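Questions regarding the structure given below will be posed in turn.
Labels A, B, C and D are assigned to the chains in the order they are written; within every chain, residues are numbered from 1.
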Amino acid sequence: MPVPVSAFDPPFNIVRCSHVVLGVTDLAASRAFYEGAIGLHVEDANEACVWLRGMEEQQHHSLVLVQAERATCLRMGFKLASEADLDKAAAWFAARGLAHDFVEAPHQGRTLHAVDPYGYRLEFYFQMERRERLLQKYGLYRGVQPQRFDHFNVFAPELQSSIDFYAGLGFRLTEYSEEEPEDGGRIAAAWMHRKGGVHDLAFTNGAGPRLHHFAYWVSSPMNIIHLCDVMATTGYLDALERGPGRHGISNAFFLYVRDPDGHRLEIYASDYLTVDPDHPPLRWSLRDPQRQTLWGAPAPRSWFEEGSTFDGANLREPAFVANVIIAH
Amino acid sequence: MPVPVSAFDPPFNIVRCSHVVLGVTDLAASRAFYEGAIGLHVEDANEACVWLRGMEEQQHHSLVLVQAERATCLRMGFKLASEADLDKAAAWFAARGLAHDFVEAPHQGRTLHAVDPYGYRLEFYFQMERRERLLQKYGLYRGVQPQRFDHFNVFAPELQSSIDFYAGLGFRLTEYSEEEPEDGGRIAAAWMHRKGGVHDLAFTNGAGPRLHHFAYWVSSPMNIIHLCDVMATTGYLDALERGPGRHGISNAFFLYVRDPDGHRLEIYASDYLTVDPDHPPLRWSLRDPQRQTLWGAPAPRSWFEEGSTFDGANLREPAFVANVIIAH
Amino acid sequence: MPVPVSAFDPPFNIVRCSHVVLGVTDLAASRAFYEGAIGLHVEDANEACVWLRGMEEQQHHSLVLVQAERATCLRMGFKLASEADLDKAAAWFAARGLAHDFVEAPHQGRTLHAVDPYGYRLEFYFQMERRERLLQKYGLYRGVQPQRFDHFNVFAPELQSSIDFYAGLGFRLTEYSEEEPEDGGRIAAAWMHRKGGVHDLAFTNGAGPRLHHFAYWVSSPMNIIHLCDVMATTGYLDALERGPGRHGISNAFFLYVRDPDGHRLEIYASDYLTVDPDHPPLRWSLRDPQRQTLWGAPAPRSWFEEGSTFDGANLREPAFVANVIIAH
Amino acid sequence: MPVPVSAFDPPFNIVRCSHVVLGVTDLAASRAFYEGAIGLHVEDANEACVWLRGMEEQQHHSLVLVQAERATCLRMGFKLASEADLDKAAAWFAARGLAHDFVEAPHQGRTLHAVDPYGYRLEFYFQMERRERLLQKYGLYRGVQPQRFDHFNVFAPELQSSIDFYAGLGFRLTEYSEEEPEDGGRIAAAWMHRKGGVHDLAFTNGAGPRLHHFAYWVSSPMNIIHLCDVMATTGYLDALERGPGRHGISNAFFLYVRDPDGHRLEIYASDYLTVDPDHPPLRWSLRDPQRQTLWGAPAPRSWFEEGSTFDGANLREPAFVANVIIAH
């Protein structure tokens, strides 16, 4: 693929991905999953919403569960660098005729909702209520000891176009997979970052717009092994979808679990530094099965096919189906 | 199944499983695998044989590789409690008309070869040359840092009978799986010990006599994760057969790898104490898939079907085929 | 020192160390420590006693806390191989004119109390109520995830004599430290086992009879690091006495903590197999500081000097003071 | 202290700390230490220099060892965001009358040497030769598996002024320690970053300019424990200066080792994200001993007092001596 030219001086400054807002059909069950099994800290809760965060996060929430009729992804949240960037963002979406609106979001300062050309529901803010540091409140560590929100991964039916769009907003490519030239040479997936790690936002060719997963960073594979043991023996066996294992791409030690509504959460250990402006993107051939699992085990079909729809978005099929290896 | 009555005062005193002797078709390739990838310490080597041991073992060898025409398991080695036990053992096999012979085995004292009624090739000894302790020679730690030989696991076509035979030699049952009564109620696998851990010798229903695997104990799942990373990126990707994962049975964190001849090695982390005479055996239903993998992922077909034949033994099919869950 | 000759066929068969009974001055505070911080499972509790156990233990208790006026060690508990061994033990203590008595001990079968010639308070039993296996109840894992009771370590004023006495009961020496010949050549500490690991009972030269510490085995140094983080930030900072670190002797990854009464608990990761009758004991020179801490950091003075007295025993000074390196 | 105002739009764009250049008196001994014990990858070597890097670094080197008469720190290296930033930097140092010079540095593009007002020797560059990614060449992993250069820590006699100076270059404060008001209220140490982690450059009150240490990031405390075991048993026991342990400040799991010339290297596991422009700095009281070691153990005197001088710089005493807790 043509490697996208990322804006060095983007129209507004996105610092990083920040939080996800999920519609869930049984708030109590979802809270039990994310607080009781995964170990996120519940910062606030009422009858309609639960706000949670990881152990190093001083922001009020990085996961918002909203009681809803249907299980959808309501918003992908991004932090901007300043209040002024909020206004620049609003103007930029306005100039392109894209839906956007300033809204009230509890525990956040001014908040801008916007929809990109592909239907992803976005939420931007600069200020969020700050909460006490829990990083050294080790007595509160539970479950997999999730430390911070790490990234989004979405299914994109118009992959190349989506990548170019986000490159224009300053996202920078770190890794990508593509077909060999004789297979069509099309890009199949891309990992893009703002915060200096492997990704804030990754794109996978597929029916969309849909959220494939969101991820929390943990400090050790041992946390993940313990989570497997706990989930397998406390009624969450079926929630273990894929892993643990090592991705070739991103070198992540990973585990994928499904919440009670099927929203997919990745527990992600390890990362590397990509803060250099000239950090070279890494290409993987779609013919190389180790890009998916370094150790060779294929992913199950559900992992390739299922995801969370975005509330209100129309689902579109991708232009092509890339050839992947699926466990039967 | 009827739980076997283990001899409290057996005819001769087997202390523990000790070592395995493997016929390999390319000695250099096998040495590269066990020394270079797995990290066993080569204690001695000549053109026909390589002797290796784990980091805590002061015995000269726990793995003997022998250049051979065919890849077979030559001997399963057991340590006896005294010289006198060797003579008791010889008399005992003689009284039953079972093949047995005192042989010269390099680096070992008096060594008795015997064949049990099922065709397993056994080797007994009391004395072996002692070598320098490597446990705190951390500069020599390599690969998965294998610490000691742990156990054998064999395919047994006459499972109940084999179990009863070894119970008569003082092996004690720790865990077993069996069919539900309405499925036939037959035993499908058994784990038996002498040394106070989960097993020295385990039996699985299947065509035999064959060695399913032998195992080395390591101190942490982290060693196993690192081994996966190393093998996957140094030409041994195809040697990764199953895992890493957690067995329900034995609670082991496991990895199964295949050597260049297909002999199967388990890397085994965790164990528990079974030294009490009244330690109760644990029953698993064959209908419970978590007995195999606590986290739910099924094993590949090769793991259920393939094994190492014993040199000179006739292969026999089991009386029934137990119903297991296989990954496709 | 003269290496003791361990009885191969002892007068009664001690399988292993089993449990400790501690007098504590504030039962609620002690329970909070052992259950809340350390993570032992409370099996039973009343106003006077709390019974706890580790995650792999099916015996009713391995730690008994007893509300008392003074903080002492009430009993060191050992499991025998059979009911008959209880009577053999009683006869043996009787023949030597040593205090002994069959007593009622809740949740245990017939229980023999005895005092050895040095004043250590002992408790023997064969049967104890069995409780549900928790090894795979991972949802109950807490704190440092203590898996099983591992050993006792006592101060002994008559060290050589004590060692010989327990050798006569079948305890076998695995490691010991002694002075160089020019320093006197006296033994300073000894590690002895019954169950096939490094120790069930260790002796250190010093004023006694006193309990230096008892230990629980855990599966990984990571558990210990996490416990340090938790204790340091939940009001137990002062309870961290020594470590984490690696002993030269026993190769243990260790942490020593003090309970609210000052009883010392070792968290102990790693061990090695000593089940061979001809397992050679390992000698350490008292001049080698790495025997204490392989990495070089000295232990604090309290660790050398403080311990729990045995209820009712007279304290005696040792014949000599060995030269150790103390952190100031 | 007055929290410094970090330049949001600094005079030139420093991306991150990048590498250190050390003068060493025995190049072979230093290479044996950094390559053989620590496990850095030697990328190039000649009679006068050795260039090394960590496993995720694609830059040619992050550690340069230079054979020298005296053991000094020759340069602290920083990567700039572009070629243009090099010229902006040169102009900026020129405008302030500070020594600076473009030099030839092997394997680097245009390289600017400069001396700040306090005597620290700096080196700036934008381009460095790129080398093959080793992150997934797991067969090359050795020693503590150092992944990337993480930070510098320097002794500063004019602490407040130094902090303000680097704030002016865009460094942002993450944590700091200061005296209580009644003790003088003076700042004692500060941690500042550019790359979004806890620090690129930290300052400690003390005689300077001197390098206290430089650090490599590793992925797990288990790597550090293994390094301790290896160093303690391969002739590097005396090189273990402090740790392993947990800092209160930065929450780092740390180990400090001294190379053959006494240069201090920190092995640093864990970090947290500080990329938000409004990330609040964390204050520690100098009266809180947990800021140094969360678990309570004090640091040895050498750690507080010893460091590497900068070649050609005059040593100056600090204005005051802060009260720290030292192990005797």
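Heads up, the rule we're going with is that contacts are C-beta pairs under 8 Å (C-beta built on N, C-alpha and C of every residue); 3 or more make two chains touch, one makes a residue touch a chain.
Bear in mind the structure is a predicted one, so any value in this text is a computation, not a measurement.
J.: Counting only C-alpha atoms to place each centre, which chain is farthest from chain B?
T.: Comparing chain centres, D lies farthest from chain B.
J.: Go through C-D and A-C and name the pair with more C-beta contacts between its chains.
T.: Of C-D and A-C, more C-beta pairs in contact link C-D.
J.: From the mean C-alpha coordinate of chain C to that of chain D, what's the distance rounded to whole Å?
T.: 44
J.: What whole-number Å value describes the gap between the mean CA coordinates of chain A and chain D?
T.: Result: the chain centres lie 33 Å from each other.
J.: Nearest whole angstrom, what separates the Cα centre of chain A from the Cα centre of chain C?
T.: That gives a centre separation of 50 Å.
J.: Which residue numbers or ranges of chain A touch two or more of the other chains?
T.: 136, 220, 222, 229, 232-233, 294, in rising order.
J.: Spell out the residues on chain D that touch chain B in their complex, using ranges where they run on.
T.: 136-139, 141, 220, 222, 226, 229-230, 232-234
J.: Quick one: which bits of chain C touch chain B in the complex? Just the residue numbers, please.
T.: 15-16, 56, 58, 79, 81-82, 126-127, 130, 133, 135-136, 147-148, 195-196, 219-220, 248, 251, 270, 272-273, 275-278, 280, 282, 294
J.: Spell out the residues on chain D that touch chain C in their complex, using ranges where they run on.
T.: 221-222, 225, 228-229, 231-233, 237-238, 240, 244, 246, 253, 290, 294-296, 327-328
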